[in-house]
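Encoded as C-alpha cells, the structure appears first; notes follow it.
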Amino acid sequence: MTVPELDSEQVAVYQRPDALSDTNTHYCPGCTHGVAHRLIAEVVDEMGLRERMIGVASVGCSVFAYNYFDFDFVQSPHGRAPAMATGIKRVLPDRIVLTYQGDGDLASIGMAEVVHAAARGENITCIFINNTNYGMTGGQMAPTTLPGQKTTSSPNGRDVEVNGYPIRTAELLSKLDGASYVVRRSLHDPKNIRLAKKAIRTAFEVQKRGLGFSMVELLSICPTNWGMTPRQAIQWLEEKMIPFYALGDYKVNPSVADIKI
Amino acid sequence: MPPKGRIEVNEDLCKGCELCVMNCPQEVIALNMERMTKRGYHPAELAKPGCTGCGICATMCPEAAITVYREVIQKPA
Amino acid sequence: MAKEMMKGNEAVAEAAIRAGVQAYFGYPITPQTELLEWMSRRMPEEGRAFVQAESELAAINMVYGAACTGRRVMSSSSSPGVSLMLEGISYMAGTEVPAVIVDVMRGGPGLGNIQPSQSDYNQIVHGGGHGDYHPIVLAPCSVQESIDLTVLAFDLAEKYRSIVIILSDGSIGQMMEPAELPPMMPLKTSFPEWAVDGAAGRERRFLSSIYMDAPAEEVANMRLLNRWAKIRENEIRYKEYYLDDAEYAIVGFGSAGRVALSAVRQAREMGIKVGLLRPISLNPFPVDAIEALGKRVKGILVVEMNTGQMLDDVLLATRGKVPVEFYGRTGGVIPFPDEVVSAVQRLAAGPIVTTGHPRDRWMKFMSFLN
Amino acid sequence: MQTEILIAGFGGQGVLFGGQLMAYAGMEYGKQVTWIPSYGPEMRGGTANCTVIISDEEIGSPLVRHPRVLMAFNLPSLDKYESAVAEGGLLVVNSSMVERSVDRKNVRSILIPANEIAENLGDKRLTNMVMLGAMLANQPVLPLEAVEKALEHHIPERHKRLLPMNIKALRKGAEFKPVAVK
Amino acid sequence: MAKEMMKGNEAVAEAAIRAGVQAYFGYPITPQTELLEWMSRRMPEEGRAFVQAESELAAINMVYGAACTGRRVMSSSSSPGVSLMLEGISYMAGTEVPAVIVDVMRGGPGLGNIQPSQSDYNQIVHGGGHGDYHPIVLAPCSVQESIDLTVLAFDLAEKYRSIVIILSDGSIGQMMEPAELPPMMPLKTSFPEWAVDGAAGRERRFLSSIYMDAPAEEVANMRLLNRWAKIRENEIRYKEYYLDDAEYAIVGFGSAGRVALSAVRQAREMGIKVGLLRPISLNPFPVDAIEALGKRVKGILVVEMNTGQMLDDVLLATRGKVPVEFYGRTGGVIPFPDEVVSAVQRLAAGPIVTTGHPRDRWMKFMSFLN
Amino acid sequence: MTVPELDSEQVAVYQRPDALSDTNTHYCPGCTHGVAHRLIAEVVDEMGLRERMIGVASVGCSVFAYNYFDFDFVQSPHGRAPAMATGIKRVLPDRIVLTYQGDGDLASIGMAEVVHAAARGENITCIFINNTNYGMTGGQMAPTTLPGQKTTSSPNGRDVEVNGYPIRTAELLSKLDGASYVVRRSLHDPKNIRLAKKAIRTAFEVQKRGLGFSMVELLSICPTNWGMTPRQAIQWLEEKMIPFYALGDYKVNPSVADIKI
Amino acid sequence: MQTEILIAGFGGQGVLFGGQLMAYAGMEYGKQVTWIPSYGPEMRGGTANCTVIISDEEIGSPLVRHPRVLMAFNLPSLDKYESAVAEGGLLVVNSSMVERSVDRKNVRSILIPANEIAENLGDKRLTNMVMLGAMLANQPVLPLEAVEKALEHHIPERHKRLLPMNIKALRKGAEFKPVAVK
Amino acid sequence: MPPKGRIEVNEDLCKGCELCVMNCPQEVIALNMERMTKRGYHPAELAKPGCTGCGICATMCPEAAITVYREVIQKPA
C-alpha cells in the first residue's frame, strides 16, 4: 500500500549520519554491529570529530569496519587493536582514537592488550561488542558465551567446569586505576540504544579531555550463529544476556561526573 | 493529537530484519513481501497511516536505512 | 663530530633519535635492554614517544599503529622476543608501512642463553611471519656501522615502505667502540600520502593488509615482489677485504665477519692468499658479488655463528661452481680467529671435496672435536 | 700492532671500568679500540671480565684466544685464564687475592698486592688503578700519561675529587716490575 | 575399513584421535576451524582433553606443557595463528619434546584472506622461530594423505622428539573426498624416560630449553643437528608420477602438486613427455631425488601457490645442472591445470634460458598477464 | 665466639625441607625469592605431595627454580606458565601443578594467560612474586612498579600519566568467577611469612580438592635492583609496598572456607 | 573419464548438499570423487558454490577452469560461469530464478523451472533434487539409481521421511531434455 | 624461663644477608666478619648465648641455611 505524503510542512528528524560512508555493510540482517556503527557515527557527527578521528578495526565480523566509516581507519591483528591504538595515540595525542572490537578479539586473544591499555590509562576509547560468540569464524565459544550456551565449539553447551566461566569484561577492567570510564550498555531496544549512544558520547568526551581509558561494552545480537531470527535474538539477549551481564556503570572517574551531555 | 510523521526506507540498505517493524509503537511498518531488493531482501516500508515521526524505527535500524520526517507544529506565538 | 665511546645498543638508540625516530616501543630483554633503557631516558627528553610495552607482541603492534601515521618508528628485541613479533611484522609487510626493528641475537632455540649468536638468520631473512614478503635486513659488525645502518634503515624503510631489520648480536650490542654519531636531524613535517592521521581537509584513508579477493591479494603480492626486485637492484651492500689477489675467500657477516677479518690477516701472515667478503645487506643478499667471487677463487669458506644458515644462500649464489666449506660455532659460542684460520688452512690444503653438503663435512669435523 | 688485554675479577673490583679507561685512553691517543664485557644472567656480583683491544688498524675479532695481557684480579681468574696468555705476553696478578704464584714460564708476570697498596693509599676502590699502572709500565701499549688524561676526562663526576688519588695509584702500580723467571 | 566421505580438516582431527592424541589445544581460524570444532565434540566423547585456548600463543604453550608429560598432543591453526606460535615452537624444539601442529595455510601476508595458499613454506620449513632447529614438515595433497600423514606425524614426533608440522592448505582442509581412517589405536600406557609427570618413585626430572653456558648450548644444538641428519637419512618422502620416460619434470607439493598432476596428464595428451615429483616431506626435502631428476630431464618446472619459496630448495638441489623454471599463483589464487600446461609448453619449447633467476623470468611473465 | 652446645636433650625444630634440592641458589643475598621457595617446599613436605608435584618455572630471576626443588619441573616461555600448566593439568588432572612467576612475567607479558587460566577455573596454583620490577633483566619498570619509583626504564620515577598505573593483580583476578582463592601476602617479617605459608598451603588444598584456580601474590624484595641492602629493602617493602598493595584475601570461594589447616 | 560439475547458487538453495550427494553417489558407485566448496568470510547467506569431480582415475586438481557441467541455480551464477563451461558440456539452468536464456551455442543447455516443480511437489527445498535429476538424465556421469541410493544413505536423519519426495523430484527433473540450439 | 636453643648455619648456603640477624628476638645472631664462605660471603652464626630455638631466623632465611635445635622440656607427668 502507499502511505500518502504529509501535506503540512515537514522536516527530517532523523537522517543517516555523515560519518557513515555510503557503503553496504556485509553484516547479516538484524546484526546490531550495524547499530553500534550508527551510534558511533552519530556521536562523531554531533561532536564534529570526523577530521580528528582514527579508528582501529579488529578481526571479527567488524573486520571491514574501516569501509563503513567516513573517517581514517586502520585494521589491526586479532586482539591487538588497543596496542595499535596506543601507537597512534602516542604520536598523535590530539586525535580521537577508537578501537572497535568483538568479544573474541578483546576478551580472548586480546586480553593482555586491553588490560594494559586500561592500566596505562591510555587515552583511547574501546567499543566492545559482546555477542557471546565468535561471529566471523562461524559461532565458536567466546569468553562471553553463557553457561550452558551451545556453540560450534561447545556442542553440548558451555560446561563451566570444563570450558571455564564467562568473563565479565567491564567489571574486570573497572579494577584498573587507569580506567576512567567503563560501562556496559545493550542494543536490544530503543531506550537502551539511546543510553548506549550517550555512553559512547561520554567516552569520547572523556578522551577529548584527556581523562584516560574508556570502554563501552555493548550487548549485541548474532542471529546467524545463534540460529535465530533477529526478533528471537533480541528477545534472547534481553532474557539471557542481561541477567548475566548487568547493565551499568562500572567505573566512572570522578572528573567524568561533570561531563554534561 | 500526536504529530504526523513519515519514514523513507533506503532499499539499497534495508535487509528486511524487522527490527524497525517490531519496535514501531504505532505498528505502521511492515516488510513488503511482494518485492525484493537488489540484494534479495523484502524491504521494510510504511504500511499504514499513523506514523508519528517518533524516530524509534531509525533508532533500531542496523543499516541506518531509515530517514524520518515529522510535520512542523507551529506553536502559537 | 668527534668520536665517542659507546655501547652498541646505546649507539643504535641514539642514532635512531638523531635520525628522527618519533616513537619507540619495546620490552626488556638481554642482551638488548640498554637500547630500551636509553630510549626511556632520551625520548621523553626530546619530547617524543616512549612506551615500555607489556610484551613484544604489544610493542610490535604499537609500532604498527604509529607506523600507519607515517612517522618514524622503531622497536628492538632479541631472539625470543622477535619470534613474538612475527605476526605483527607480517601485517606491517602486508600493509606496506615502514618501520625499523633491531634484533640483538642470542643463543637459541627456546630460552637458550644470552650470549651472542647468529642463529636467527633464517628466521629474519627467509622465514619469519606468514605469507610472501621480504624485509630488508642489515647486519652491522661494529658500533660505528650500527649507527650508520640505523640511519640508513629509516631512509630505506620510508623509501620502500618496507620493514628494515637491523640484525645485530649480543657482542655488537654490548661492545664499546669509538664511533661518530650523525647530527640531530629535524623531525619530519610532511607525511606520505598514504598516512592515516586524521582526515582533516581530505578524503578519509585506511590501511589494512586484507585482500579478501584472492586476485587482489595476488596483485598486492606482486607489487611487493616488484618492489623487492627494485630493492635487489639498488640496495645490495657488502664489504670486501683483501680480495684483490685472493685465492680463497671467506664469507661472513656481523660478528663472524669480524672474526673472519682477524683470521684473514693471520692466514695471510702464514702465506695463504685469502680475503673476506662481508655481506652487510643480508636481504637483499649480494648474490652476484658472491657468484663472481666464486668464479675467481679456488674455494670459499662460509663462517657463521650458527649451524650454516647463510651458507645455503652462498650455495645458491655459487651454484656448485666453486668448492664451498663451512665453519660455524653455535649456541652463543663465538669462534676465535685461530679456529677460522685452521678452517682456511684445511680449505687451502685440499683435497677439495665437492660432493655432499659442506654442513655435513663440518658436522663430522665438529664431532671429532667434541 | 695490536694489543689484547683481558681483565678479570670479581664484580665490584673495578674490572669493567679499568677496561673502559684503557679504551678511552686508546681512543684519545689515536688508536683503534674495542671493549667487550662478558655478560651473564647474574645481576648478582659473581665474576666480571672484559677484553680491550688497542690497535693501529681496524680491529677484527673483539675476542682472542690468546690475549697479550691478562690482568687477574682474583684466583678464579688466574686459574681460568693463565694458560690463555700469548707466549711472551704479560700477566698482572693481584697478589692480595691470589696466594699462588704463576705457573707459566713463557710469559712475564707481575705479582702486585694491589688491594693492600690501594688500601694504603686510602681507598680499596683504587685497586684497579694500581693494577693498570703495573700493566702500563710493562707493556708498550699506551703511555701512562694517556691513561692519566683519559682518567681526567672520564672519571665519574661524583668521584672527581678522587682524581689525584687515582693518579697516584696508577703511578704506584707503575713501579712494579715482572718477577724474574726461575 | 570402508571409505567415508570426509572433509580434510575433519579427517585430520579424527585421524589424530585414532592415532591416540590425548590432548588438543587450539583456537578458531578459517580455514582450519572444522578441525577444532571436530575436536571439541570428539575429544570429550573419548574422555580426552580439549581446550579452546584464549589464543594461539596460549594454545601452543598448552601443547608445550602437555608434550612435556610425554603424551601425544596436537594443535592446529592457519597462517597468522601459526606466526603467533613460533616462540613456543622454538621452545619445544629446544626442549626436544614431540608435538604435531597442523597449518592450514591461507593467503597472506598479514590478515590477507582465507583462500588456499602455500605462502608459509619458508616460515614453516626454513624460518619460523628463533634459533637453530628443524621441524619435520609433511605436506598432504588429499584427504586420504592428510589422514595417513597425521598418523605418521605422531610416530615421527615421538621417534625423534621432534615437532612435526602438517602443512596443509584451505583447499585440502575444506575439500571432501572418500578416505579410509585407521582403526582406533589404544592410548599409550608407557611414557618416555624424559617425561615430566610427577616424580613418583623416581628421581625428579625437569625439562627446559635453557643452556646458560654457551658450550652446553652448542652441544644441544649439535645434538639436534645430528638427529636432523638421521631424519634426513630416514624420513624423506615423495611421490613420482609419469617420470619413467619423462623429458621434463614438474616439482610441486600439496595442492599445487595435484594441479600439476592434472597438467601432466593434459600435457602428455599433447605429446609432451612430462612427469611430476611431488615432495611429501618438505623437511627433510628430497634433495637427492631432485638432484637425480635434474640429471635425467631436460628441464624442471617448479609449481607453487606462492612466489617461489620451495623453488630455492629445488635450485639448491639441482645446482645449476638443469634449467629450472617457475610458475606460481599467489595470494589465495589456485592455478588451473591449463596454466601449468602452458608453463610446461614454454619450458619444452625453449629456448632454454639458464641465466638469471627463474623467479625473475616468471615475474616478467606475470607482469604481461596483469 | 663459640656458643656452647646445649647439654640437655635437644631436637631439631626446624630443618631444611626435603622438597628443596641441595643446590645453591643464584639469588642475590637476601632475595626473598628464596623464602618463597622454602615455603613451597615446606608445604609440599607437610602435605606429602613431592611425588605428585609438577612445577612450571617462568622467565625471570626464578627461571632456574627447576633446579632448586626436588620434584618435577618444566620451564616456560616468558609469561606463558599458566598455559603450560593448563596443558599439564589437563592430561594429568591428579597432579598438583604449580606456576612460579614474577610480576613482569605474570602481570605484564603473561596477563592474558593468567586471566584466562583464572577464568577457566583451571585447577592450578600460581605463586606470584611481586617485587615491583624486572629483576632478571636489571631492574626495569614492571606493571607493579609504584608511582614515582625509579627503575632503569623509568629513570625519573614512574609517572603514572605517561607510564600508566600499577596493576593490583590479586584484586584484578578476584573478579573472575573461575578464581577460587586469590590472596596477597608479604615476605618481610616472620609473622607475614607464616601467613604466606598458610596461604600457599590453602592454595594447594584448594587445588587438591579440585576447587579451581588459586593464586598467592607475595610481596618480595629485590635489594639488588632497588639499590638497597636487604635490611633497607625489607623496610621499603613494609613502608612503601604494603600501603599500595594491601595484604588480604581477595577471593575466597565459599567452599574454601571449610579447609582447615 | 572425468566429469567436473560446478554447482552454483544462493546459500540455502541446497547447492552444497547437492554436490555432496553426487560425491557420495560417485564414491558408492566405485568412482574417484572430490567435492570442494568455495568458502568466504560471509557467514551470511550470499552465494554458495561447489565443484564435484567424478573420475575413473586418481583426481588431480579439484578445480578446473572449464567444467563439463554447470548447474546454475540463479542469475548471478549463470552470468559468472556460463562462459566457463567446456565446449560440448552441459548447462542446467534453474529457469525459475533466471529469466534470460543461455548465450553459449557450443554447449547443451537445459532450462528447468526447478523452484516451481519443487513447490508443486510440495516443498521448495526439493529444488536441488530437481536440478540434479535433469543433469543426471543428460550427462553420462552416474546412473540415476546410484544417486537415489546415495540419497537413501545420506539424507539427514530428520529428513528421512522426505526421501520418497526427493526421489520423485529427482525423477521429475530427469524428464527434462536440452533445448534445441537455435 | 625460656627454652634453650641453638642454630646451625650451613655455610655453603648462607649469603650473609642478615635477614636472620635483624629478626632474631634475642639478638644473638651476627655475621662473622672475620671469615668468608667459599662463595665470598660473611656467614651468619650464633654470636652469644640466649638462643631460645624459636625458629624465627629460619623462618626468615631465604637460603634455608639454618637448622634450629631446641631442648626438649620434660613435662611433669
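The first chain written gets the first letter, and so on, giving A, B, C, D, E, F, G and H; residue counts start at 1 in each chain.
Methods note: a contact is a pair of C-beta atoms (placed from the backbone, for glycine too) under 8 Å apart; a residue touches a chain by one contact, two chains touch by 3 or more.
Because the structure is predicted, anything quoted here is derived from the model rather than measured.
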**Request:** Going chain by chain, each one touching the next, work out the least steps from chain B to chain F.
**Result:** 2
**Message:** Starting at chain G, how many touching-chain steps does it take at least to reach chain H?
**Reply:** 3
**Request:** Please work out which of A-B and E-G is bridged by more C-beta pairs in contact, and write that pair.
**Result:** A-B
**Request:** Indicate the whole-number Å distance between the mean C-alpha point of chain B and the mean C-alpha point of chain E.
**Result:** 55
**Complete:** Whole-Å distance, C-alpha centre of chain B to that of chain H, is 85
**Fill in**
Taking each chain's mean CA coordinate, chain B and chain D are separated, in whole Å, by 88
**Asked** Out of chain H, which residues touch more than one other chain, so two or more?
**Response** none
**Fill in**
In chain A, the residues touching two or more other chains are 27-28, 63, 75, 77, 108-109, 111-112, 116, 120, 136, 138, 143, 163
**Multi-partner residues of chain C (at least 2 other chains)** = 30, 54-55, 57, 80, 87, 91, 95, 110-111, 114, 208-210, 212
**Prompt:** Which residues of chain A touch chain B in the complex?
**Reply:** 1, 3-6, 8-17, 20, 24-25, 27-35, 37-38, 41, 189-190, 193-194, 229-231, 234
**Sites on chain F touched by chain A in the complex** = 108-112, 115-116, 119-122, 143, 160-161, 163-168, 171-172, 175-178
**Item:** For the chain C and chain E complex, residues of the former touching the latter
**Value:** 57, 79-80, 82-84, 86-87, 90-95, 105, 107-115, 117, 119-120, 122-133, 208-222, 225-226, 229, 306-307, 309, 312, 315-316, 319-321, 329-333, 360, 363, 366-367, 370
**Fill in**
Seen from chain F, its contact residues with chain C in the complex are 59, 63, 75, 77-79, 104, 108-109, 111, 134, 136-138, 140-141, 143, 152-156, 162-163
**Fill in**
Residue set of chain G touching chain E in the complex reads 20, 23-24, 27, 32-37, 39-41, 58-66
